[in-house]
Structures are given as structure tokens and as C-alpha cells.
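Some structures to go through are shown next.
Consider the two complexes below, in which subunit A is the common component and subunit B and subunit C are the respective partners.
Entry: the complex of A and B
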């Protein structure tokens, strides 16, 4: 092998990569917040809603879980404009990520809800709480606690999967890397550095989730 | 401009076989690689175990698309001019191996420790223990999550379209460019993925339910 590695070129333009990484983090964080809102709503409807809505949620979850994220992204970015719904690349990326994460998280939260002992729900009913109150005050906390690790790993999958939004030229980390690669012709070096950056972001988010778990669920609740 | 008709649909339908074939190849080769990895990860020699763990962390902590780029550009650094099929198959094999390795390791470790101890007491060697006692039980636990991973793998092959590999998603793109009908083409593409993945998903769910009933090991989840 006669190839000479030149990482200098990549580090000269590290600022651009950092900007891309920041957008990746922002997209992922927003998708997390909005996706969880979707998931909490859908999981409630799925377990306690009227039958037609229940079926609708099942259809949504199954449709998303059995098709690739990239195709979902193309539908949002290329197909919807034909119906008059237009997004910029970054917005389309966010919408697709929310739709995708929302579906997976719905299924995970539902599993959490079903892991809550029936007795606790009966107690809530005996206390005269309404259905939504039982969900909010009794079921939600232990349900999220039970599935928190699953949610965290699903989120990391979303974060890493978000690199494909470069295909619609949203300006996140992978897209910046592609531009850099085509101007410096140092493809291997660029992608090695970018892989390391994704790894760092993923590890960072895992640490964040571990901290959240400890503060919210574990601390002072050793019962 | 072409309109979307039977020929265009057939073009997409034909490309579906490349999605299926790539998934199968990656699964088969990945499975072979992983048998080695799973044994490294439960082995008693820390360096072997750590390198396997590092491999899994690396591939589960970086995006598949970047892995594809690295294999694609990385192999050409070594002077290897590989065709699209070979490089994509290598990349997906590595990807599948990382995930299957993690899943199967978990399944082997889910076999109760007493099984190891009992077979050790019968003077079986490490590989005899694995082959005769542990693996037959671990395989049973491993089937549902493995089928579940096949769904992920089929979906993951869509990413190969970004580097120009012609499979279902790329065929959809090509037909969109020819017909300017993304509202027709992409939902069809999505529908075809659904017909590949949905039966697998249902199968995985059934297997999982079956595990919970009458499970002597009590290890089903």
C-alpha cells in the first residue's frame, strides 16, 4: 500500500464539520422531543382509545416499522410536494425523523404501559380517577422507567440513521462530509474523522441518557 | 416524459430481487462471521473478548452510510478495484455481523450458568460444552430476535441506493426521474418493502409469543 494519509486537510476544515455535527445533534434532539410527544399520545390512544383510533395507531406503527427510513424521507421530501405540502430539506429531515421515531417509540412505550401491574390501575379506578388521570399519574412513570433503556437505544439508532438525510442535501454532518470529500479528494480521511464524530455523539447521548435515568428514576427511589 | 405504467412497475418489481438477494447474502455471510465473534466475546481471554466488543461498539456506534463510504473508498486505497456488488456485500456483512454478534452473545449468556457447570462436571471440553449443551438451548432463544433483525437488515439495504447500488429504492429513484411521479412511485416502493418486511415481523412476533409459553428456561422475554 503506497497511500499517504493526509489528515491535515480534514482538520483545516474541522469547523465546517463541527457545524454539521451541531445540526445533526439539533435535528436528533428535536426529533426526540417531538417524537416522544407523538409516542405518548399514540401509546395512550393505542391502549385506551376508541377502536378506530387504536387501529389507526397500529397501522401507523406497522407502516413505519416495515419500511426503510430513506423511503419515508423521500415520501416526505419528494412525494408530498405533489400534494402541495412543501418542506425545505432540513424541515423534511426533521418531519421524517419525528414520524419514524414516533412510531418506534409508540411501540416501546406501549410495551412499558402493559408492564405496569393491573392492580395499580385498579387502585386508580377505585380512587375515582379518570382514564387519562390514571395514565398520567399512575401508569406513565413506571412505564417509561421500564422501557427507558430501549428508548435510549432506539434514539441512538435514529441519530445514526439520520446520516441518510444527506441524500436530500440537508446540511448535517454527512452532507458536509460529502462536500468536503468532493473538494479535497481525501475521502477516506474525511469519513474516518466523521465516523469518529458520530461515535462521539452517540457515546455522548448514551451518557446523557444514563444521567437522566439516574436523576429521574434511580436517585432516592431505592424501594 | 414517460408516464408510470406496467413497464415502470415491472422495473421496480425486478429491482426488489436485488434488495432480497443483498439482504440474504449479508445475513448468511454476517452469520458466519458472527459465529466466530460470538465465541470470542464469551471466551475467557480478555484481549479476544475486548476486540470483539470493540468491533461491535464501532459498528453499532457509527452510521451505516459512513461505513459504506469507508468500505467503498477504503478498499480502493489498497488497490482493490471491486465492483459494486462485492463492496456492498462486504459492507453489509460487516454491519450484519456486528448486530447479530451482539444478539447471539446475549442468547448464549441467557443460558443458565448451571448448564456450563454441569457439563464441565461431566468433563466436556469448552467446545463440547458449547456444541452439545449450550448452543442447542441458545439457538432456541435466538430465533425470534434474529428474525426481527432480518427486518432491520432488509430496511438497511435501502441505504446502498445512496452510493448508486441499484436495488428497490434506487429503482424507485430512477423511475421518479423518468416519470416525475414521486407521489405514485415512492408509496409503491414503500409498499414493496412492506410486503418483504411485514411477514417477517409477524413471524418474529409469533415466535416471541411462543417463547413465553411453556418456557422451561424462563429466559424468554
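Entry: the complex of A and C
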């Protein structure tokens, strides 16, 4: 092999890559928060809501889960402006990520809800709790606990999948890497460094999730 | 000892003769073309409007028409050697083609491996946008969002002239960049001049127009180094057809934009 590695070129412009990485982290964190809000609402409607709303949630989840993320992104960025709804590139990326993660998380949370034994819900009814109270006080906690690892995995997929928002000119990590690559022609060095940065971000979020699990679900509950 | 000296002398003479023979063969490419009544020219058919395939899958475009005109003026048959962009120079060096005529921009790097004739065409990078967007010169780009495609000439040229405060954004494909302009996601586009005409035709209601020219690259016919006779003939051909307007006609018919004044190499 005669290829000479020149990482100097990449580290000269490391600041730009860090800015891109920061935007990736921000997008992912915001998509996580907003997507979970979407998921908790939709999962409730899906399991306990009136029939029309239930159908609507099913339609949303299936539409998103059976279309490519890139196409969803293009619809938000290129199609919605023609209807008068205009998002900047970064906002469009966030909207698409929330919609996408929300749908997958809805399905995961729904599975968690349905894993809660019927007996517990019946107890709630016997105590005279309202439907939403049963959801909030009895069902939600064990449901999320049961599917927490699946949610964390889905989130990491979203984080890594966010690399495609470079296609609509959002200046996140992959976009910066593509520009760096096409101006320095150092594809190997650029993408190796960027892969390491994604790895670090993903490991960081996984540690965050492990900590959340520990504090919320596991601590003081071992018997 | 005497025998060894003689052997060496004979070997040297043989090498010299062989070397001369090869040199002569190279210097007589034009003779060979005239004798075989056939010239082989590269054809890149994935770069509209320079080279594309028409409805009947026949190569066409400004560079293909140039190749046809050259074969016609030589009075020989044309054999098109299909190449992709990166194969244009290797096809020449490996003797698969006698001439490379595939919008090969003249650069000092390329001149290390091939010989360029005088340019016969130009590729301008321009800033384009809707009539309502007020851009007259580079200074007006400040505060505007300019979109372009990665790994293109515009990616190299536009940042050089953009004042501080210009928001340059990149897309991965020409289609996405153009769509961003048409949907108003960017204020202006940096692209090849002929693309603006294309956009204006595709979306007449948007009023897309050329704002100003950023840079112009000239492209030329290239030959394998050493082919003096062929290069000399091509230079003569470019000279004659520049004066009689044939070059301008081919260019304008295929690209839809006027050919700028061509400098001489």
C-alpha cells in the first residue's frame, strides 16, 4: 500500500467538524425530547383513544415506518414550501427527525403498554381511576421500563441516520465532512475522523441512557 | 574483451533504432489517420449539454458535434470512444483514442500529462436567481443564501469572490440545488451558465435569470504528448472555425448560451 495518510489537513479544520458535531448532538437531543412527547401522546391514543384517532395514529406510524427517511426529509424541505409552510434547512431536519422518531417510538411504547398485565389496569379501574389516570399512574412506568433498551437503540439509529440531512444543506457533521472531502480530496482521513466522532457521540448518548435507566428504574428497587 | 565491446555497440545501435522507430510512429499519427481513413475521438455522453444521448440513444451535444465536424473536415470516418469523465485522459494515453474532445478544461495539472490545443469552448460559472432578488455584483451576495453542488467548479470558484457574511450552502446533487432555488429555500444559485437557461425554461413563472459571471474556464482538444502533427492540425482547425463562426454555431445550438471570446493558447 502506497497511500500516504495526511491527517494534518483534517485537524487544521477540526473546529468546523466540531461545530458540525455540535449541531448533530443538538438535533438529536431535540428530536429525542419532542419525539418522545409525540410517542407518549400517540401511544396513548393508539391504545385507549377513540376509534378515529386510533386509526389516524396507525396511519401515521405505518406511513412513516414504510417510507425512506430521505424522502420524508425532501417532503418537509422541498414540498411543504409549495404549500406555504417554509422551514430553514436545520428546522426542516429537526421536523423530519421528530416525525420519524415519533412514529417508531410510538410503536415501541405501544408494545410496552400492551406488555403491562391486564390485572394491573383492572386494579386501577376498581380503585375508580379515570382512563388517563390509569395510563399515567399505573401503565406508563412499567411500560417504558420494559421497552427502554429498544427506545435507546431506536434513538441511536436516529442519531446515525441524521447524517442524511446533509442532503438538504443542514450543516451537521456529515455535511461538513462532505464539503471538507470535496475540497481537500482526503476522503479516507476525513471520513475516518468523522466515523470516530459519531462513535463518540453515540457512546455518549448510550452512557446517558444507562444513567437514566439506573436513576429512574433500577436504583433502590433491587430486592 | 573486443567481443564484449562489439556486442555492447550492437545492442546500443539496436536500441537507438528501436527508439527512433517508436518516435517516428508517434509523430505520424495524422498520416496513419489519413491512411486508415478513420479517427478515434472520446465521447462523454453523461455531461449535458456537451455530450448526451438523444431520444434514439445516439450521442449528441456540443462536443460530439465538434468531433463530427473535425472528422468531416479531415475527410475521414469518425469512431466515438465512449468514456466517463475520469477516463478522458487515460483513453488518450492508452492509445484508445487519438483525440480527447470531452469538455476537458485547460489546467496546469492536466497539462503535465496531455497536450492541449487552443480552446474551442468555454464553461462559465454564474450566480443566478429570481428577478425579484437584488444581486448585481459579488458584493450583493452578503447576507444572502447561495446554494451550490459539492465537487464542482462552482464550489471552488464562488467562495473566492463571496464577501464576508455570505451564507453558502451545499447540496449533493444538481437536482437538489435547483429544487432548493425553485422552492425558495435559497436566494440564489451558483452553477454553470447554461443551467440558468434550463431553469428559466423549466419554471417560467419563477423568473430565474443570470445575475453575474463568477469565472470562466476554457476547454480544449487534447492529444497524447508527442503528437505534434495532430496538435498542429487541430490548432489550425480551431483557428479557421473560430473565424468562420462554426465553433460559435455548434456551441450556441447545443448549450443555448453565447460563446464568449476565446483566447489563444
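Definition applied: the second predicted complex is superposed on the first by the 222 of 223 C-alpha atoms of A that agree within 3 Å, B and C clash if a C-alpha of one lies under 4 Å from a C-alpha of the other, contacts with A are read in each partner's own complex, and residues count from 1 in each chain.
As a working rule, a residue touches a chain if its C-beta (ideal position, glycine included) is under 8 Å from a C-beta of that chain, and two chains touch if they have at least 3 such contacts.
Everything numeric here is computed off the predicted structure, so don't read it as measured data.
Judged by the touch definition given at the top, the superposed model places A:82 against both subunit B and subunit C.
In the superposition on chain A, A:175 contacts subunit C only, with no contact to subunit B. Once the two complexes are overlaid on the shared chain, A:167 sits against subunit B and subunit C alike.
Of the two partner chains placed by the overlay, neither subunit B nor subunit C lies in contact with A:123.
Residue contacts after overlaying the shared chain place A:218 against neither subunit B nor subunit C. In the superposition on chain A, A:183 contacts subunit C only, with no contact to subunit B. In the superposed model, more residues of subunit A are touched by B than by the other of subunit B and subunit C. Touch criterion met: A:202 reaches subunit B, while subunit C stays clear of it. Put simply, subunit A uses residues 78, 81-82, 166-167 to touch subunit B in one complex and subunit C in the other.
Every residue of subunit C that touches subunit A in the complex is listed here, in rising order: 147, 150-151, 155-156, 169-172, 176, 179-180, 183-186.
Taken in their complex, subunit A has these residues touching subunit B: 1, 3, 62-63, 65-72, 74-75, 78-83, 156, 160-164, 166-167, 174, 177, 181, 187-188, 191-192, 194-195, 198-199, 202-203. Subunit A contributes residues 77-78, 81-82, 86, 89, 166-169, 171, 175, 178-179, 182-183 to its touches with subunit C in the complex.
Put simply, subunit B touches subunit A in their complex at residues 58, 61-67, 69-70, 73-74, 77-79, 151, 155-159, 161-162, 169, 172-173, 176, 181-183, 185-187, 189-190, 193-194, 197-198, 201.
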